[in-house]
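Dropping the structure in here first, questions after.
Chain naming follows the written order as A, B, C and D, and within any one chain the residues start at number 1.
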Amino acid sequence: MKVIVEKDFEAMSETTKNILLGHMNQDKRVNLSITAGNTPVGVYKKMVEIVKDSPNYTNVHYYNFDEIPVAGQNEGITITDLRKLYLNPANIHEANIHPLTVENYAEQDKRLAMDGGLDAMLIGLGGDGHFCGNMPTTTRFENLTYKVKVSGEEPWFVPGEMEKGMEFVTMGPVSVMRVKHLILIVNGEKKAEMVKHVLQGSVTEKYPASILQLHPNLTVILDEEAASKLDRYV
Amino acid sequence: MKVIVEKDFEAMSETTKNILLGHMNQDKRVNLSITAGNTPVGVYKKMVEIVKDSPNYTNVHYYNFDEIPVAGQNEGITITDLRKLYLNPANIHEANIHPLTVENYAEQDKRLAMDGGLDAMLIGLGGDGHFCGNMPTTTRFENLTYKVKVSGEEPWFVPGEMEKGMEFVTMGPVSVMRVKHLILIVNGEKKAEMVKHVLQGSVTEKYPASILQLHPNLTVILDEEAASKLDRYV
Amino acid sequence: MKVIVEKDFEAMSETTKNILLGHMNQDKRVNLSITAGNTPVGVYKKMVEIVKDSPNYTNVHYYNFDEIPVAGQNEGITITDLRKLYLNPANIHEANIHPLTVENYAEQDKRLAMDGGLDAMLIGLGGDGHFCGNMPTTTRFENLTYKVKVSGEEPWFVPGEMEKGMEFVTMGPVSVMRVKHLILIVNGEKKAEMVKHVLQGSVTEKYPASILQLHPNLTVILDEEAASKLDRYV
Amino acid sequence: MKVIVEKDFEAMSETTKNILLGHMNQDKRVNLSITAGNTPVGVYKKMVEIVKDSPNYTNVHYYNFDEIPVAGQNEGITITDLRKLYLNPANIHEANIHPLTVENYAEQDKRLAMDGGLDAMLIGLGGDGHFCGNMPTTTRFENLTYKVKVSGEEPWFVPGEMEKGMEFVTMGPVSVMRVKHLILIVNGEKKAEMVKHVLQGSVTEKYPASILQLHPNLTVILDEEAASKLDRYV
């Protein structure tokens, strides 16, 4: 594991953008899986400036790694967010976008293998220790891409926001371990304790992201607040 | 994970030899870590016939992945066994042999990184679910190469054969996950139940080898007896 | 470049089979491009014994690297020969066979990139220094996959066997340089002089295969006769 | 080949820096070979800001790819320039610097293989079509790292600046083809014609850099002036 601590959100975003562009600028097909949410907003803003209308990135293909379907909508929450944050403003061709859905999830690992595997994946860390859709109590380390049916008993269940019986899909720990370069970004003081649990504590399904310690090529980029509880880092 | 089931010990050994030679015949430095013990005896016998006095394999470097020192002896049990089974009969140059010892274990992961990483590792499976020196009760999934001091309370402690307070070193789960191609060989009916636990059961430190389900490029070669309890394999 | 000299055709075929199986036994999609002709007959015979009706090689995909169409036939000379020698006796699924044709050759390099690139390619050497369909007088080192229209003036034109105006397609030097592991097999005394030109002489379009000296991961497997004119090899 | 055209020197330098950092930020030993001269000055200025006194780049090792010894000086022109432009201002540890010299050049290719190979190399283009020290009239495509003795008859010989009988060393075309990611940067109108020759013309020893068309993973970064004579680029 390589831990990079940057001064703030801006510097974290800049370094992350550099890493992603380092992959994208190669002379070969590059398969990227990228995260929705708030943490990567700065990264995508920087990338859009470079990628938009550029002829240089037609070799890059995009994959989401989890999805929550929405009743009455064609597309789920994750891909909708990715389109808004990055895919639309960067004018990515539809042929380069490969949505994971509740319908096709069972084929996701095979499809990725057929496409040559993921070169890089950008993920964030949940305050409860989740990564992708690998949540406490519903994650098994032996999972490939899988579907979860929410019972309402989960510690992260929020009545009103979520519904009992709702489903979502996610690439599992085994799927993520196959990514050639895994990039984890975390910012903010309120995640500092979980960063320590996950990167320097025991590997346990209680904090699913702790399994990432076993990834053979993991780069972690933190702002100083997120890194503030770590004992040491190299 | 790719599971290959062969008819018997002979066929398992032949396939394993082919895989190792596939790596060794490339035009680049190839770093191999290989196992001592009874399971690979057939593999090494076949390899010695090909490698002995051949000019074709000077690009191959050998590393042991665990070691048990022996009082009054220069070298430990593992490397002594490897010399007897393979390194001596194959006339491997001393410059291509990189022993892991109780003295240098703390540098093992860094040293491997400096040498370009392990291209392949051949391992076996213990009847109690161990791999390398990653034994039940003393293995933590977050371990790099580490040293164990035997308390005598371990479930695998055999009075007479082992001594309380003895030490051994082993590459840990994190170290093994970095190997580019991991090859696990198992034969015989008496390991069939453990093969099922480890390959198709939960990932748990109770059976340390269960973590191998997460390796991004794992080939398992079984004889029919060892595979006899598996539900399905592809 | 790594040069392996084996005693005879049988030993050359055995080593080549081992290298190919080393690739095929990995836990990922493996893309192979393989050669038609007489040189690989021994390799394919050995491989068919192992691959036929085995569940272990569904991850392997096959590509031909050149093709000569035949009037009135659905498929060309190369793929027809490959089906006879290997693909049919090994019962390879049609979904794993990716023919290069006069119709689709302009898409070959892009298609291979989309499939993750070729992991290995097995080629032979022509007595005139050609490799794949890269023939003297019609090869430019800067070629990707290209089509040749035979004028009848080429030094290798054989009236009666070939017709003026006939066409063929081949992956070019640039395409072959992208293969991750290139394996060249040559046997017999009558190619010994050309082996020396190509492996130890100047890089020149006069002997197209001389460009292979620049491949980053080339393994050459010769029988003793084919190696008999080499100055030294390691 | 992937050609990226940027507006100006500043944008070219920014993109190049991003690519190099993309490699350097990985969690493994990264071997870089970098160029001296004027073209990379902007790249190094940007990199020094990021790398200086950072704990994040101890995994990066540096190699020069050519050298011209200077009478009465410990170190040659290239490494002296690299120290001034980048290695000194970035405070790179001496243990991470691996000079190529007239004394050790014969071991360079083997040494690189032992270190795991070069992950990336940054090179420029000479106005006469040279790359590294691969000059017109003294370059053979079949060369590994080699030494040149200057006769004074070379078209690029500048009396006064150079002396007859002087020597230099350089990694050759075969050595450069082994680099995993090759990055070529060129700026300015006066190189535009040579850029066209080298990237879109015949592969010929007359313009040694034309061989780079055969590299399996080449990224070319040009400013608009350097790209102004290209027919098309994708």
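One rule holds for everything that comes next: a residue touches a chain if its C-beta (ideal position, glycine included) is under 8 Å from a C-beta of that chain, and two chains touch if they have at least 3 such contacts.
Computed from a predicted model, the values in this text were never measured in an experiment.
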Touching both subunit B and subunit C (chains): A, D
Selected pair, greater C-beta contact count between C-D and A-C: C-D
Shared interface numbering between subunit B and subunit A [over half = same, under half = different]: same
Rounded Å distance, subunit A centre to subunit C centre (Cα mean): 41
Computed distance of Cα centres, subunit D from subunit C, in Å: 33
Subunit A residues counted as touching two or more neighbouring chains: 28, 59, 216
Interface residues, subunit C side, partner subunit B - complex: 1-2, 4, 15, 17-23, 25-28, 55-56, 58-59, 181, 216-219, 233-234
Touching residues (chain side subunit C, partner subunit A) in the complex: 28-29, 59, 113-117
Residue numbers on subunit D that touch subunit C, as the complex places them: 140-142, 173-174, 177-178, 201-203, 210-211, 213-216
